[in-house]
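Structures given as structure tokens follow.
The following pair of complexes shares a single chain, chain A, combined with chain B in the former and chain C in the latter.
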Partner chain A sequence: MSKRGEKTVSMKDRFLVRLLGNERWQAITIPVFAILLSLIAAAIVILLVGKNPLTAFQSLMQGSGLWPKASYAAKKSMLTDFMSFLDLMTPMLFAALAVAVAFKAGLFNIGVSGQMLCAGFAATAAVGYLEIPGVVAKPLVVLIGIVVGALVGGLIGFLKYRFNINEVVSSIMLNYIAQYVISFLIYTNYVDPVSRQSRYVLASARLTLADTEIGGLKMNIPLGFILALIAVAAVKFLMDKTRLGYELKTVGANSKAARYAGINVKKSIVASMMISGCLAGLAGVTYYLGYYASIGPRTLASTGFDAIAVSLLGNSNPVGILFSSFLITAITKGSTYMSSTVGVPQEIASVVTGLILLFSACGAYIQYMVKRSKDRMTEAQAEQHNGKEVDG
Partner chain B sequence: MGEYIVEMRHITKRFPGIVANDDVTIQVKKGEIFALLGENGAGKSTLMSMLFGMYEPDEGEIWIRGKQERISSPSQATKLNIGMVHQHFKLVQNYTIGENIVLGIEPQKKALGLFPYVDMKSANERIRQLSQQYGLEVDPLKKIEDVNVSIQQRVEILKMLYREAEILIFDEPTAVLTPQEIEFLLEIIRGLRDGGKTIILITHKLEEIKQVADRCAILCQGKLVDVLDVASTSTKKMANLMVGREVSFQLEKSPAQYRQEVLRVEHLSVKNQDGFEVVKDVSFSIRGGEIFAIAGVSGNGQVELADAIAGLMKASGGTITLAGKDITNAEIRERTLDGISYIPEDRQSYGLVLDFTLAENLALKNYFQPPFCQKGILHKEEFDRYGEKLIGEYDIRSGQGIRTQVRSMSGGNQQKAIIAREIELGSPLMIFVQPTRGLDIGAIENIHKQILGERDQGKAILLISLELDEIMNLADTIGVIYNGQLLKIADASTLTSRQVGEFMMGVKA
Partner chain C sequence: MDTVIIDGLSFALPLFIIAIGGIYSERSGITNLALEGLLGVGAFFGALVVALTAGNFAADSQVPFYLAMIFSVLGGALYAMLHGLLCIKFKANQVISGVVINILAMALTSFLTSQINAAVLGKPSNKFQLGVSSRFTVPVLSDIPVLGAVFTDVYPFEVVIILVTVLAWYVLYRTRYGMRLRACGENPHAVDAAGADVAKIRFSAVMISGALSGLGGICFAYSISANFSPNIYVGFGYLSIAALIFGNWRIMPTLGACLLFGFARSGGYKIAQILALPSTFSDLIMTLPYVLTLLLLVFFSKSNRAPRALGEIYDKGKR
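== the complex of A and B ==
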């Protein structure tokens, strides 16, 4: 007889297919599965350092205002923490959208952090210390963020358009240039002698309303978050409903066919990098003039790099990104609290974040495993069927 | 039992929305040439892919030399002495012929008894020996990128022989060859059979089957129609069985009604990326209602000529005039709007965006115009409506209609989609490059009728083909290209295919 033994279907196959086999829902089920896996891995790591993973996860959520803490200081509540959480999520959302727009056009914008820094610094230097009313200063900050981000992103696109320089190389190099030139300018012009960071921007220019009292509670209200939600809708509209979005997607899916169809491929590349830069610029101003109010020299915000994983986890889909940036921010934000209350070292908290990002990037692999298991099962069924026929 | 070397019993293979093979049983005798004949999407390639381990059947059994086997990968097929030459060669361009042949089973030696290295010397010796034995002359030290298609095919055959394959599968081996090269290949195949090998030949060319095959299985829409003894069956009968209806070999071609001149090309030169002049001082013109066909061996500049007219390559000299307007330096989009439809040679990398839906692909050339797009906003319902209309009018078949991802469609239906899109543009000039490559008789007949229909509508048609028969059947005027130059332009009725073949080889310059 045949080597029927080889075709045995393992428990794992049945499990994977039953759980994730439905292709229509895979866009949702697979990321959720990846997240679960990463939480299990994180739990093991936390167990290894001798802490209770459940308390650790609970404190993680408490830190982000998603779970009530045992006690709060005066004028603080869960809502305070949650607002602060949204404040940090805003730049992440913008940054991940920036990555997604470039990605749809077949480009890899690894320079989001540099574009954020340029936009944040330009807005800080131009508006941050001006004594003008907030209604003028805040829109100005946003505008500068958009323009500077678009210019830097556009430059990367232009370098590819004109000289065929790979966008990954040019954006990494621009990251360095931005980082050190801006450090130099901060040290020479804007430094705070005590903190060694740039001086705090004035409240009028800040996109977060810090320590605002509402209903007896003091909280930071992130104005940029509303903008970020609008950006989610705008990017979705751009990609699904506009001529420009269709052209960008065509270039990303098959640049040869795009050219054949009469699309100006090079202009599309510049356009997508400008839009991506715009969004990165918005991430920059909501980060440096929102959540923080100053710029730490000689570092790049990790947001711009985490955004790549967030965008992947969200399947480069604006709505998906809304959820994935929520998750990743919850972990990064909550990890500080977790380390202080549960006693999980900060380093381990970073390991947990890293694990989640790592697993989130494995979506394609999980999809492949499910498909293989499914193939094995259909095969086995076919064989059983055949066997019956032979027996009968 | 021992009579058959390969038996595929009751094979069924399903893909989403389609049954590629439905309870197919074939039995191949040792030492025969067994042909598989069928329309595009009839399931010939799928069936053979299962024998070669690229897919596994959903149902059915495969028996090799009287033993049931499960072939789960090509390497397993190789272990069972099964080899396959694919339609698209699988060679590493910048490796030598020898390196390509041994790839995966490199003979190793150890320098100083310690450091392993690939022993190319003895490998090349073995390759020379094999190529002499079977009359497949190659120089194992030459790189693949430096040799022509017919040599590359020999390399693929040698690859199988080097692996001691006994059962050789050829997937449409003559699709890329000139008439002379086809003769040579068929001779080789006969020689292999006489040397004791078993050959399975996938083809849609009836003359070839008639020439070399002993028996022939006919597939139609995934089902086995019949297995015939070739010597006692007429080509006409085979064709009818394959298509499932009466086929007319002779196209009904009405006399040409020439109208005004549409395209004029004067002293056109084109340089490729390396700055090498691939089209040299070419001049011709096409009138409305005329099929101007360019014959030539592959790689003589015909594709670059078409690309230059459509705007995908720049002209380095000369002028292109479309309906009185100089378009030599116009953008691609402008040329499309001025009236050029282009069916490119490479439908998968140029003609279609494989990951897009059928509806999106059908609107690829006019998505930016009303009603599809107004003020930068797309109207997806118009895409859908247009897609439905074209699918109906041009009989484009797919698993999920307008929502089908084009990647999952068969080659014939992909080509139908491109032709539908380009005809619907209503351009006065239509450029067809190899419009029937890799397609079967039924699809070819259909496309030929469409080309003639467009001509009768008064379109100017530039047809570039490597198939001499296609050119002789369709052309009103023939131009023969050799080494980038148009050697001859003449009314089709004044040339025989033998003469055209000679010009194609550069004779009678």
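== the complex of A and C ==
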């Protein structure tokens, strides 16, 4: 450590400032830097297991359809893998947006998984087994997802607003209640005797067009993905351009100040939880009636919990979330292929994800270090300058 | 009635000790959503030591169990340092840090468990076998009607937990360290002005929360599942968080909340058994603790107040 007052500029300072010093780009450069650090850490882990990290990363991308495989089965190609990847990314994108909207308003929606399950089950039970044309069934599924999600999310907001019940506690309780009640309903009414899951929903109700032939390829087309992209734009618009979004952000930044400014804090709490619930509901229908076509009893999708971290990685910014959910889904999706081809244990993928999130959680610290290095450099420069003046 | 009390206590007490860990961390001003991960990593270390030393003890020996407890406490505290580092040194958002710690804990422990099983113990498996802890019955006291059940079929860890609880209560409410810790969660600047090191106190509080979570984790592993596997992550940590918020960040009310969870759970099973309900109904009965909690929260949440500085990154220069 250098003594106080002594302005030494180390190699590290120069390196950090040159690499990350531009404040305008820090929102991008710092997460990218964090991701690079974690990939290096992951490479070390893979080396320790005795595998080549480069082939491991390559097969990870191959599994997600981001890199061509050596050979493909009939009617399969990189595009079919990529479509299937988008299919899995859709619910993650919705769920991370759900977390972000609540987070901006200073609320922590840990109940995304429960809201997903409620919405997914309601849509499955109401529309999933109806013999109606797809043009009617699919919008109905989406609508039910939105409404049920908003109701469950709104309930959490209402409990906080009316009874001062901490949203973390009520969402955890609702997660459990939803999980068990829906498991009961599945076992009594909708169970498939072989798989012990809910029966597959009809193709007409599914938001993913499964095994559709296009140009000689058989692929799963995720219709929900288009919806998710619209949601990204809508959330961005809501947050940046509307009065409601401004109020939510103000409440999140400082609820006291918001109240003095005349914002109805309680209304904002309920509103943000309802919007968050809507998005979680959409995540639910694209998960249970999209990527999958059935519901496993007694389990919550881990998507809702992972989404918290994905949302963070994207800095709670809709566009950032688009990239972060892309990255995290690529790792999850590619890991199955990686473990089967390269023999790297599949659990490594979760370790990599964990490391990425760990390093990106330190983003604020990296920013702080860069600023300190920069200050040291400007001070050193000023001193040099002063010294010259004295000499002359 | 007896089984309701016996099973209720053996579920409530591990939950309670994890919640006390959470109280330490949160009263010092560090939000701790990482309890789930901390209890898992703690239990992992305990179970690992048992797996590695297996065969060195007699079949009915209780030594492995106590070894597991010690190493779970150490392992939990060690892993909690990561949360402390992130929140205190690296100024990370505490909620996010907690979630990241959980994700990493699940990933690392399941990865390491299968790797160690394959490489060191030479059998492909994703769990460490532990067996169930032995139980004991206190002779005279257990004959008291109804309340006697409290002294019947007691797991040794329940006694340990009660002893640790008394100690934890004393330290938090009756020592200078405890007072400063609580002050860190309300007004860290005052603590700083009084000449104490806020960062150090908070860091130690987070480590204590890890140690206690580890203890709770290994107790669950030794009673409910009889092994360590990734299946330990079923939300006990989140449930403890709910209990401590319900208990308004105070130790005794939190005990009440944990007992409520425990008895509602075991009571529900008992009712299902008496009514001879088909097994599908067990799912509905499982919701009992959570529905009850939500209802009670409606009445008791008015005065609920988190520590004032909870979740804020301490910045010396800010007033």
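One rule holds in what follows: the second predicted complex is superposed on the first by the 371 of 392 C-alpha atoms of A that agree within 3 Å, B and C clash if a C-alpha of one lies under 4 Å from a C-alpha of the other, contacts with A are read in each partner's own complex, and residues count from 1 in each chain.
To be clear about the criterion, contacts are C-beta pairs under 8 Å (C-beta built on N, C-alpha and C of every residue); 3 or more make two chains touch, one makes a residue touch a chain.
Worth saying up front: this structure is predicted, and the values here are computed from it rather than measured.
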Item checked: chain B versus chain C as contact partner of A:353, first or second or both or neither -> second
Margin query: For A:172 in the superposed arrangement: first (chain B), second (chain C), both or neither?
Written below: second
Margin query: Under the stated touch criterion, which partner chain does A:43 make contact with: chain B (first), chain C (second), both, or neither?
Written below: neither
Note to self: Between chain B and chain C, whom does A:234 touch in the aligned arrangement: first, second, both, or neither?
What the structure shows: neither
Notebook entry, point to check: Which partner does A:140 contact after superposing on A: first (chain B), second (chain C), both, neither?
Noted result: neither
Margin query: Which partner chains sit in contact with A:242 here, chain B, chain C, both or neither? Use first/second/both/neither.
Written below: first
Check: After lining up the shared chain so the two structures overlap, which partner does A:209 touch, if you call chain B first and chain C second: first, second, both or neither?
Finding: neither
Notebook entry, point to check: Given the touch rule stated above, what does A:217 touch, chain B (first), chain C (second), both, or neither?
Noted result: neither
Check: Given the superposition on chain A, which partner contacts more residues in chain A: chain B or chain C?
Finding: C
Margin query: Which stretch or stretches of chain C touch chain A in the complex?
Written below: 33, 86, 89-93, 95-97, 99-100, 102-104, 106-108, 110-111, 114-115, 235, 238-239, 241-242, 245-246, 280-281, 283-284, 286-287, 290-291, 293-294, 297-298, 301-302, 304, 306
Item checked: Touching residues on chain A, where the partner in the complex is chain C -> 49, 108, 110, 159, 163-166, 168-170, 172-177, 180-181, 183-184, 187-188, 297-298, 305-306, 308-309, 312, 345, 347-348, 350-351, 353-355, 357-358, 361-365, 368
Notebook entry, point to check: Which residues, counting only chain B, touch chain A once they are in their complex?
Noted result: 10, 12, 56-61, 68, 70, 310, 312, 331-333, 335-336, 342, 344, 349-356, 360, 364-365, 367-368, 373, 376-378, 380
Note to self: Quick check: in the complex, which residue numbers of chain A touch chain B?
What the structure shows: 1-3, 6-7, 240-246, 249-250, 253-254, 256-264, 375, 378-379, 382, 385-386
